[in-house]
Amino acid sequence: MISVRDLTFSYGDNGPVLRGVSLDIDKGDAVCILGPNGCGKTTLLRCISGALSVLRGHITLWGNDVCDLKSKQIAKRLALVPQEEMHGFDFTVEEVVSMGRYPHLGRFEFEGPSHRNAVREAMRYTGTWQMRGKPITRLSGGERQRAVIARALAQDPSVLLLDEPTKNLDLRHTYDIMDLIRDRIESRELTTLCVLHDINLASRYFDRVVLMKKGRIVTEGRPEEVITSGNIRRVFGVVARVRGGQRPRIEVV
Amino acid sequence: MLPITKLAYPVIFIAMGVLLSACVEVKSGGDLRVTDDMGDEVRLDGKAETVITLAPSLTEMVFALDAGNRLIACDDASNYPPDGTADIERVYSYTGMNRERIVELWPDLILMDRTLDISGEDHSALIEVGLTVYRVYPQTFEDVTENILDIGILLGKEEEAERLAGDMRERADAVRSSAEAIPEGERQTVLLVTFYDGTNDPWVGTDSTFTGDLISMAGGDCGVKDEGGKVVQITLETMIGIDPDIILTSQSSEWPTDSRELILEDERLSSIEAVKNGRVYDIEGDLIDRSGPRIVDGLETINDIIMQQ
Amino acid sequence: MGIVRGKIAAGIGVLSLLLVVCFLLGISTGTERIAFGTVLRIIVGEVPGLHHLSSDIGLGRRIIILDLRLPIVMMAALVGMGLAGSGAAMQGLFRNPLVDPYIIGISAGGAGGYVLGEVLVKSTDITGGRLIVPSLSFIGGLLAVSTAYLIARTGNRLSISNMLLAGIAISAALTSGTYLLIYFFVENPSEMIFSLMGTCGNTTWSEVYVVAPLIIIGSSFICFFGRDLNAFSSGEEGAKHLGVDVETTKFLILSASSLVAAISIPFCGVIGFVGLIIPHLIRRVIGPDHRVLLPSSILLGGSFLIVCDLASRSLIAVVIPLGIITGLVGGGFFIYLLILRRGYS
């Protein structure tokens, strides 16, 4: 589905943020990227989505080189939930989520019943339906994040990229959203690539974990393979005790 | 016998009084006195030998009174008579007055037109230093002839002035009687366009301006009624509404314009009587703007046009 | 949603009606008093087959309505529509409700070109001044905005914020240059400044024929980008992720807006605030959805400028430049809105 080969990227003259990253993601995979700040996780996501133009290396989405695909073609099948989003005007939550349907509309088409259903469903799923009339600029960080996630879901993608989707969410909403995503992954065979901060969350919800440090992939594999105290110390510089099992949990000492 | 000392004082006082009054008498001497249009009394000891004029109409007057050789300087715009004014020094234009030069020349008499110096600043500047200034402010045809007579006195050219004024009055009377011959209610509407460039609203003369006065005298009805005494701008709409029978376009020899062609060719004005009948005439601006001796030429020209039925 | 649709349709209906009313008001007002019924008959009488309705009315009156007032009102409507529409589009593009189509250099370039044209024509006696001056003004406006565009573009990506900055800088430089020209070469500066500040009075049909196609096509074109502009609200990257071809969209919207704004300057002068205040008003009442905002702004902009132009020519005996009227009304209204807003913060 997604293939990254030898990806090297830098924003300016400050040196490469990604160095020779290679990654393969198959249809239906649930992959999580972990790593300390500045290791290039977000950049990797943005390169894959086509937001950033890549000069060195190749990225293919469902067989096509990303540079050859038009934004609309990508948007029909791939949705990205960004870490933070600033909104210029006070659209209502419903209006914002409806924008997720744009890639599926013809230039002069207005949203019909099927589109509106998709929007409603996405909002119910994320618990944002009750705030549908509120202006997005007046929501709290967490509420806004859920709205943006709803938008991505309304886009009905087959590939979902998420950049720290639970960053601002409280405990209950964190697990709600993660359950929901997991649900989608299983029911619709959604290919998912998610950047997370919380190692335990990653371990619990994802089948494949990629560890990154300083623009490189250090290691990847199943959670129990990757999440070891050795790896944690090497990548994060932190001493932690790992409770084993298929879904290991760490405890920072 | 009265003590000499006691008599001395009254004698001295009386002598001083006589002397002083003699001085005053000398100072207020001035055998030529006229009151100018602004109500100021102008005095000269004997006719003015050197004159400076600060308006084209006044320059023309001086030459018409055969005193052109006494003109030592004039204003920028004076251009008639052409050979007379070709080489004269200029000390006044719309950007300013060269007071120092005028003072250096120290003419016996300065002739000014108040219309060019409404604030009176220039006049004050000259009076302050002791120059003699006669100001005209003509509103009607009669005022112009009066001015000519006054100036004639100041220049010692009374005879020429009487002849010139008399001639002008005669010709004006002839025009007036032809105007009176027009039956009541049949006067033609005359519109004087002083400036029109085809894009912006035209500037026109009103009934309270000098030329408005001329038009009435000549037997026309001035199309624009306004009390301001100045030219005003009107919209094309208003012009169509006035629907004048005759349109006069003011032409100047120095800045030729094509107002006449513009008006005749503009489709939007095609409904106007004057345009339909081709009665749009160029008229030399100097003949109707300048309140000098040629004003009567302007009057006759307008009258001729009106009488051409 | 059905209710919302209804509201939108009602809103556009009301605005269209308003435009018609303002239009009729415009052609009924002038220095000559002409009865409204007569005005209507004159207009309707132009329709083929209905000539008999106005055949009894004098030629003068018909000319006043059809050749004097009608072009003026049409020009005011067109320019108002164009400026409001491109203002709304640019605010969406720049994600900033304080953006005006002129801010990126168009007004400075247009004014500069205009003055340059006038100076050239007067000093060299070339004929065809009526063609040269508007052409130079139009080209000037476009040149200025193109320069800002090129400065702000790196590779094939246009930085919107840099474009704003470049536009402001270019405007400052060009405005100084223009004033220099006026100071040294223009003999009647107050007249020149008067022309620059605008009036639609004395517009002729030939001028309307030049302006109308550009504004109508440009504004309609802009309306097609309603959805894209909505997407832009989430940021350029957000818009890209929603399928918008960001760079192409930026270029097309900027081009259309620039053309529309630039063509207005030579014929109506520099009229500020229309592109700023009209979209703002619509956003407050109807909402930020550009698919509705754009056509609504266009309609309201037309009405607004017709009324402003009437005020500029009919309030006092002399003409008050249109730019001053829109500045006073627009600026005053803006201040009023800001004061109201203080409660919200």
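Lettered A, B and C in written order, each chain numbered from 1.
In the analysis below, a residue touches a chain if its C-beta (ideal position, glycine included) is under 8 Å from a C-beta of that chain, and two chains touch if they have at least 3 such contacts.
Because the structure is a prediction, the values reported are computed rather than measured.
Using mean Cα coordinates as chain centres, the one most removed from chain C is B. Among the chains in view, C has its Cα centre nearest the centre of the complete protein Cα set. Chain B and chain C have Cα centroids separated by 49 Å.
The distance from the centre of chain A to the centre of chain C, with each centre set as the mean of the Cα atoms, comes to 44 Å. Centres computed as Cα averages put chain A at a distance of 90 Å from chain B. Here chain C touches chain A in the complex through residues 1, 92, 95-97, 224, 227, 230-235, 237-238, 240-246, 283, 287-289, 291, going by the rule given at the top.
Of all residues in chain C, only 30-32, 58-60, 62-64, 67-69, 130, 201-202, 318 touch chain B in the complex they form. Interface residues of chain A facing chain C in the complex, by the touch rule stated above, are 46, 49-51, 70-72, 74-76, 78-80, 82, 85-91, 95-96, 99-100, 102-103, 105, 107-108, 110-111, 116, 155. Across the complex, chain C is touched by residues 199-201, 233-238, 240-241, 243, 267-272 of chain B.
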